[in-house]
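Each of the next two complexes has subunit A plus one more chain, namely subunit B in the first and subunit C in the second.
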Partner chain A sequence: MLHLLGVNLPDQKLVQYALPLFYGIGQKTALKVLATLSIHKTCKIADLSEPQVNQLSTLLSDMKIESDLRKQIRANIMHHRSIGSYVGRRHAMGLPVRGQNTKNNAKTARRLNGRWLKAEKREYSSSTRSIIPSAESPFESFFNRKWF
Partner chain B sequence: MPRSAWKGPFFVALPGLRQALTQNIPVRTNARACTIIPSFVGLKFQIHNGKDYTPLTVTDEMVGHKLGEFAPTRKRFSYRQTKNR
Partner chain C sequence: MAHRFLASTPLLSRTSLSLTARARAAVPAQYANYVTASAVVMAGGKAKKAAPKVKAQSNSFRKKKAADDDKGESGSGGATRLNEKYYKPSVPVKVEEFLPSTATKEHVGQVLGFPSTVIPALAQTAYPTLLSEQFELIKPAALVVRESTVSFLEKVDKAMKTPSSQSRIVLTGEAGSGKSALLLQTVSHCLSAGWIVIYVPKASTWMNSSFAYNKVANTTSFVQPLLASNLVGQIQNVNKSVLDKITTSETAMVGRHEVEKGTKLSALLEVGVKDQFAAQDVMEVFMKEIGAQNGIPTLIAVDEVNSFFRPSQYLSQDGKELDPEHLKLPKLFLNYISGKSTFKHGAIVAATSDTLLANKSEVLDVTLGVKEVSPYKRLSQTILPWTQGLTSVEVPNYTREEAKGVFDYYKKANIFFDAASEPLFLNKFITSNGNPRKFFTSCAKGI
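Right, the complex of A and B next:
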């Protein structure tokens, strides 16, 4: 059982299918990681050598995953909530945000949409060099957008 | 997909802007599609929602959004069963 950045990776799993256990890594990024590190697709977690594990952990700690990603998502949604926009209101009500119909069929939204606004529990901070999401204010991002 | 950056932000010439800047009178507008520009920060608006005008004070964080996002157009759905059955 390899313990990496707050997540347990079971030994007998292929690396390709163990990496998506991280929040923020899906199947595509997992394959990209394997390609960058030149690990073949049938390699299992138990077959990774020590320097490979170190390379993997440095590569992963440079990506935005786990608690950094969650913080960014929560910050984005809180931004909408704090300015009082339509998007923030819909998140608060737990309803679809992107203009879907609500007469029928809003089940996923009703299940999943309020969760970022509830009080969060203390999370395991992923890496030692944790990347604090650079909070560029909308003001700055407006100016930096390079209008012609 | 948001508006292409090379086109510049979409905004409208608002007639009440000069008075708003000098005397702090809210700007009454139906232009919900107007983007909030940095020069609007601190001003008060009254944005049309089809029927009334919703008040809004622009803050620093609202800059890239449109005016209409802050004026909801529909009444909250509430189920009231009528007594006549």
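Right, the complex of A and C next:
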């Protein structure tokens, strides 16, 4: 089990399919990484040599993955919220953001949208709430309540 | 007229009995006690089936049962074990040896086995995939002498005293027509005749990104150290006796080692076996040395050669697929196949393969005249120059005489579920159109 940048990579997995276990790396980026480091497609994690592991870790630390990427996404959505845009409001309400119909079929949005803001709220949920000013105006927090 | 034959033979009873029942019925009395591994498994499986199965619903995809109860009867464990549900276990057949003296017109239609001196050499490299199935079923490994074999081996014998750049032959033909088999016979013939033989049974494994590769500094080329080392070891084992007679003509630097002038070639190859990072240099020096001497001719035999004439599955550092000329070991072979480098005495014989769609090379098919493509279609200009000057030899399907010889051989090996007779032979020959592979599957599996 190779432990790299906070993620456990199982030894018997092909490198090509182990790299997408990082948040921010998918199939295409994984192949690009393999190509850059001249690793063959049937190479397993256990077959990687020490210098190759070091090269891999250097390359991955230069890319925006894991916590850095999550912070960026959260910051983007918080920006919409703080300027009071429509996009920000839809994220907060957990509804579709990009103009989709909500009469029927908004299931994915209801399930997934707004999780970035909840994470933000959870982070600042304890004593720091009173110190950090709320991004919402007083009337906004009244109108954005989902149920009364 | 044909239907009367069908009615009289047991062929019609095929649908009434299951395959396993027919197999059991067809086994002669003296083999009644023949215990197969699958019979043991079946007995165990039946005992397990008697107890009521209570399976908890498992949601885990990752859990894999070590022994699947339902499929306990299918004995095929690994790639080499044949499924006894489909194949009838065969009887070993006594065959004569396939020697230069027996590869003549008089022996056309006879099935001859590989000589005892050649078999250990052929065991170093694997047999081509689908042929190895046939050799697994009927032991010892043997192939029929065909008219095309005789004429082709005459050609190869003529090439013995000429440079290899004048005899670069590619075997073509439809799928299953006997290209790999003819190549195997050529390899066997040359080994018996004392040539140096470099046999590559699966060139596709060189190009499908299954071996590690490293970039050579300051060039666009890549080296495959482990592959080169394996190849060096194979060549050494196949040509042990012959290589002791040749020595290097000058001092050479291979990797970190220095090889002095006058070292035996077997010692040179040993360096490549022990140090995989020197193996590529060892191959290059080796090919140069055997090409420079004119005592012993050399044969390069490559199967699945179409994978050398299309982009490989390796990626360059830009993420683009590598052409074979950027991989050092395939390029070394391509030099000889295209005639850029030559042996003083020898021949290059290659066979195409239709096995995998991923290996198909349009450029090669068009250059050899096997396929016609629109003149507006742009063929790869980097690969096209490597295909110039190749001669194509087409391998036909069985003639009636050859097919009869093979049928008699299968009859002796007792692989038929139905009684082997002339009408059965006609049936098999006509339905398979004489295609060797289809003829074999129709005889062995009854389909």
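Assume the second predicted complex is superposed on the first by the 118 of 148 C-alpha atoms of A that agree within 3 Å, B and C clash if a C-alpha of one lies under 4 Å from a C-alpha of the other, contacts with A are read in each partner's own complex, and residues count from 1 in each chain.
What we mean here is this: a contact is a pair of C-beta atoms (placed from the backbone, for glycine too) under 8 Å apart; a residue touches a chain by one contact, two chains touch by 3 or more.
Please read all numbers here as calculations on a predicted model, not as lab measurements.
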Touching partner for A:Arg89 - first (subunit B), second (subunit C), both, neither: first
Partner chain(s) touched by A:Gly99 [first = subunit B, second = subunit C, both, neither]: neither
Partner chain(s) touched by A:His79 [first = subunit B, second = subunit C, both, neither]: first
Which superposed partner A:Leu31 touches (first subunit B, second subunit C, both, neither): second
Touched subunit A residues, subunit B compared with subunit C: B
Residues of subunit C touching subunit A in the complex: 209-215, 222, 313-319
Interfacial residue positions of subunit A with respect to subunit C in the complex: 31-32, 34-36, 38-43, 47
Subunit A-touching residues of subunit B, taken from the complex the two chains share: 5-9, 38, 41, 59-65, 69-70, 72
Residues on subunit A engaged by subunit B in the complex (per definition of touch): 79, 82-87, 89, 137-139, 141-143, 145-148
